[in-house]
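As written, the chain order gives the labels A, B, C, D and E, with residue 1 at the start of each chain.
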């Protein structure tokens, strides 16, 4: 399995090497590869049916519990077959569809990588690894949606989808890590073994919510569904592949994957079912008033995803079975419908359904394909969709919780679906033909190949549904970890379910009849919808974003305001607070006060320094300030001298002198101090300064009174002459014991000098 | 013994006077009124500092402090000169 | 006397902080000098202070207890010299800034934020 | 700035300054002084000269550019590490050679001295650079 | 083990060389060759560390704790290698982006001075020596940031300087108090004394001073103001250099000091670190979201991502520390690369403003790839390096029960994603606005892309070989969490 993925990866990069001449046939080639892989996996089917699983493991980061683990079991089998098969069809379709665009190599690159990551996602049995593929699908979806990159709508939609799915992805990651911290591994088998442990853990509910956040965003459940609508900006093959058949199903897949681990609990049922129910109803309801063909299909996709989620929420064996069947049903008809939508768009250059009048009048093949797909969607026998719908009704009928409500909602949804299907069908068939489509029809007839195959499947599986049960059974047996037997029949005999189906159809047709051609009704309905569902998620997403940015802006302007002195104030106040806190903890005020009074003369010197520093602070004259500063410096050097630091004192004096000279040199070119702060500012700054000074003085006092560990200086003094041949210990430290410091220090000086030179010694730059 | 005592007293007197001189110079430094007064005061303070160092070196009996006094005497006037040049420069500009 | 020294350190810190909070960049530089003097003194006294006993070895006889701790002195010496370099560079930067913009007011340089 | 008094003074102070600078350097290992102090003292003399003459005159008279001082100084610092490496001792360990002049006088020369010399020269160069750039820029 | 001084002495020798050589063309080649040499030395040292454990050099033959000791353990080794890798690519980059005028004639001198300081901080085992190297870094970065002397650069330089000066003063004061208390400067010795000392609450005062100083250096909340004010003003080469290396020195110091000897009162420190990490992440991310200048966006993201590293330190488990190191390395590479790419964008479009850029995907597909790799790495998209870094951090946080900070971290990574996508879609996807005229520039040679390609490869490889690198970081974290190995290697067993 790893080999397959590597093959995809290599192939993807090899695409860029294909010479221009043959690049026309790239997609066909890829499609063949997909078919090959499909066949390969299909050949494993007997093994899987016998209850075997095929797995491989490569140790990667065992210390993090992150290994490359792939498992092909019943569940992944279902998905793999869908992905490769639809992938095959999509590439064939894309060969014609994309031929007129620029940058197709990039497109196929993304699309192929997407196939690979989707395969990786369903084959992974290590959850972190699965998450990696999960994110990759999001990213590739982003790249594909924004393929028409100069269209602003596409960019926005791409970002939206990435943002929403990315948010969900992060939640999922946290959930995975949380489970991992309970189980101590990320491996699927370990998780299944310890499912009870997880379910009984106190963190079960947060974990479930986080997982569901991932699922719902990916599978476009209410209220995250809006990104899927925007995603229709992508080229049609992408919509057909990612946004109906595969990627959005990743969430469903995850639900199935996690069902043995998290599923079946009361919380599971109570949270998932309502969300799914709302989604399916809203999707179908809003589909009926749309006029953009891709939007219609997007809404019905949302609705279908809702149905799938509901079925997993119900958590009975029947419902899961129904879910799997419907997975196939939906994949077949929806992929086909999207491809057809693309076909119409190509033919007419428009996505508005009202302009398609009579488009299929002279196109019998097209008409049949469209009809099969739409009828499958409507669930009309003998299409495959009918079987799916029957099963769903049955599942809802027998649901342990709120079955009647679910059933009613389900019927409502299907009534709407029927109406939508019929509406689309009739709008395409009837009406006046506005274009002469002869040439275009011929040109794009290859676009019908893939939908045709799918239509055949929809019809064929409707007639002989049991062929699928061999594929679905292993998947079910994964979920219930035991044998599962499925019998799929077209004809169930007369029972309540059939009655309900019939009722659905009747109501659907009635609704269709009511709305068809009744433009006023539709208009009114639309208006009502707008008023009723006044929240436009798309718009509120943008609004939320922009208001967030506004807050950020305010926040940033508040923090990063540009006044150096307030930056400094913040830092000083912050450090004062921290230090005060520390002094409080260490009881900094408890200082033993046995001070020796030193000779008067040095005290006098200190007093004078104090005064001169005060002058330097408050003086308004630059020169005077500097003079006072120099006096302070000299005074400090006297203090050093008094406390036996001879070299230090000399250095201080010389440096102080040099500093005065340099100041004077610079001062020649500077103005007088002009800026005067207000009195209040001065007082505030004074208070800050005094507080800080006080704190530092306290620290100094503490430092003076701390008992010292034996200092390493003793060694230095003892060895200064004997080993380093110098009597001046300070100098010996500088040039021998700590020569590296001095090296750094000289470097600093040299850099400073050259820096000053670089800074000043250039021709005057423009102001 | 008497010698050290005399020395002690001499030190005491020296320090007191130097401190007084320092104080006076400092007052001149503060009061000004012109910058020239201040410069002179500053230079004067440097000289007093030199005296301090010398007496201190006698007090603790360390000859090396004399070197420091010499260095102070060598360089302290440079600051003064620098500030004076600045003043001269400024005055020239004013005229 | 130590209390005076400590007070001096506190005052130098306070003065330095007060100066760096001014709007004039020149005052800011003087404030930095104050702060670095204060910090040097802090480092200097923190290892204990001894007066009148410089760290010089006489002959082969070296008794650490009879002299001041030389290590902080070396540290402060390094710090002083580094501080000198930095202050001069700051001064040059300030001077350059003034010659480019004719401004000495730190409140007027907000262009690079926001 | 041209001040006759200062100019004449500078002539006589030169010997004093340079002498002190070199003394500070050479005996820095045993008495107060060292490369920094020596270098700064030497530079201070030129500072003083600059105040007495103009910095251009001084620059011309100096012949060697401050950069060269810095480079040579740093080079000395680097070279002072070489003997220890060559002799197989731990890096930067002082290597000492002593010459006995008489029975009492022993001159000890060691790599720390070279190191100090490097510092001396570099510091001088640095100070000169500061001085010249700050005094000439407009 | 003399070689571990080479990361300091080699740049020093190059500085001397560059003092004499002023021709920019020669300097450029010296820069590239010198950086390559430094990289070789760094790799050599790293391999040595791998084989022999902690490397110790007593400078001048003075045994620890008396002289200065240079120590290279796993963390230092990793940082050395990554830094030299960045340095090499930036020096190649500089070949095209340094103007040939007088102002920039000394660029490489300051460049190597910076490297010297950075390497110094990584290898030194002495706290005061650390301060000296910090000063070397600081001063050379002052010079670099003002290079060009435009008004904006001077403004940015002043702000940068004002706040960093305060930081170094705090640091110095902290050292003073530390020495006063313990009588030693050697970090291993300090660790030994302080971990044995139960009453050393006084220590916390100097720890506090270090916290503030390093907090400013590393640009954490609420001390980061200098970074966004200055980073976007400098020459793009300089900004890239700073973005990759400078703040990370602060982070390195944080990790080093707060695992080695500021280990008392862990509860207080870790919470303080976590709180400021949380604010740092959020505020950085928010501020980035409003910007439209590429470099400003990226600058704010530096801050935001510093938060993650500090978070790792605040969680303080071996896994978290490993995560912090992983994140640091990943971020150094990816961040530098985004800046490099932004420089190329500027060269193409003559601006850093997103609003007047566009169409780069069509015009420069290679550039697009080179941007999207580090950008997605920064946003934490698997399987690039950033994902693993983030994953390790989140995992460690969850296992240790820090849910709030993890939630913040997760949401912040969405903000990162937002900003990266903004740059991507504005500069690359959008059509070039018609009303903006692009100054005619010479066509870009392929060599311009080389450094960026190197770094992008680095990001990818760090993702692909995350396993082995994770083992390295775990080893580094283990060494940090059990400092006895470090201490014994430096001091020997007999020093008390």
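As a convention for this text, contacts are C-beta pairs under 8 Å (C-beta built on N, C-alpha and C of every residue); 3 or more make two chains touch, one makes a residue touch a chain.
The model shown is predicted, which means the values in this text are computed figures rather than measured ones.
The chains in contact with subunit A and with subunit B alike are C, D. Set against the Cα centre of subunit C, the chain with the most distant centre is A.
Nearest to the common centre of all protein CA atoms is the CA centroid of chain E.
Interface comparison, D-E versus C-E: the higher count of C-beta contacts falls to C-E. With chains reduced to the mean position of their C-alpha atoms, the one farthest from subunit E is B. Measuring from the averaged C-alpha position of subunit B to that of subunit C gives a distance of 23 Å. Each chain gets a centre from the mean of its Cα atoms; for subunit B and subunit D, those two points are 27 Å apart. Chain centres here are Cα means. That of subunit A falls 50 Å from that of subunit C. Touching two or more other chains at once are residues 64, 68, 71, 75, 78, 82, 85, 89 of subunit B. Shown for subunit E are the residues in touch with two or more other chains, namely 12, 15, 19, 59-60, 128, 132, 135, 139, 142-143, 146, 149, 151, 158-159, 162, 166, 173, 176-177, 179-181, 183, 185, 228-229. Multi-chain contact residues of subunit D (touching two or more other chains) are listed as 30-33, 36-37, 41, 44, 47, 51, 67, 70, 74, 92, 94, 126, 130, 133-134, 137-138.
Chain pairs that touch one another, listed by label: A-B, A-C, A-D, A-E, B-C, B-D, C-D, C-E, D-E. Within the complex formed with subunit A, the subunit C residues making contact are 1-24, 26-28, 30, 33-34, 37-38, 40-42, 44-60, 62-64, 67-71, 73-74, 76-78, 80-82, 84-89, 91-96, 98-101, 104-107, 109-114.
On the side of subunit B, the complex with subunit A involves touching residues 15-16, 18-19, 22-23, 26, 29-30, 32, 35, 38-39, 42, 45-46, 49, 52-53, 56, 64-65, 68, 71-72, 75-76, 78-79, 82-83, 85-87, 89-90. For subunit B in complex with subunit C, the touching residues are 59-60, 62, 64.
The touching residues of subunit B, counted against subunit D in their complex, run 64, 67-68, 70-71, 74-75, 78, 81-82, 85, 88-89. By the touch criterion given at the top, residues 60-61, 63-64, 66, 128, 131-132, 135-136, 139, 142, 146, 149-150, 152, 155, 158-159, 162-163, 166-167, 170-171, 173-174, 177-178, 180-181, 548-549, 551-553, 555-556, 559-560, 562, 564, 567-568, 570-572, 574-575, 578-579, 582-583, 585-586, 696, 699, 702-703, 706, 708-713, 715-716, 719, 736-741, 743-745, 747-748, 750-752, 754-755, 757-759, 761-762, 765, 767 of subunit A touch subunit E in their complex.
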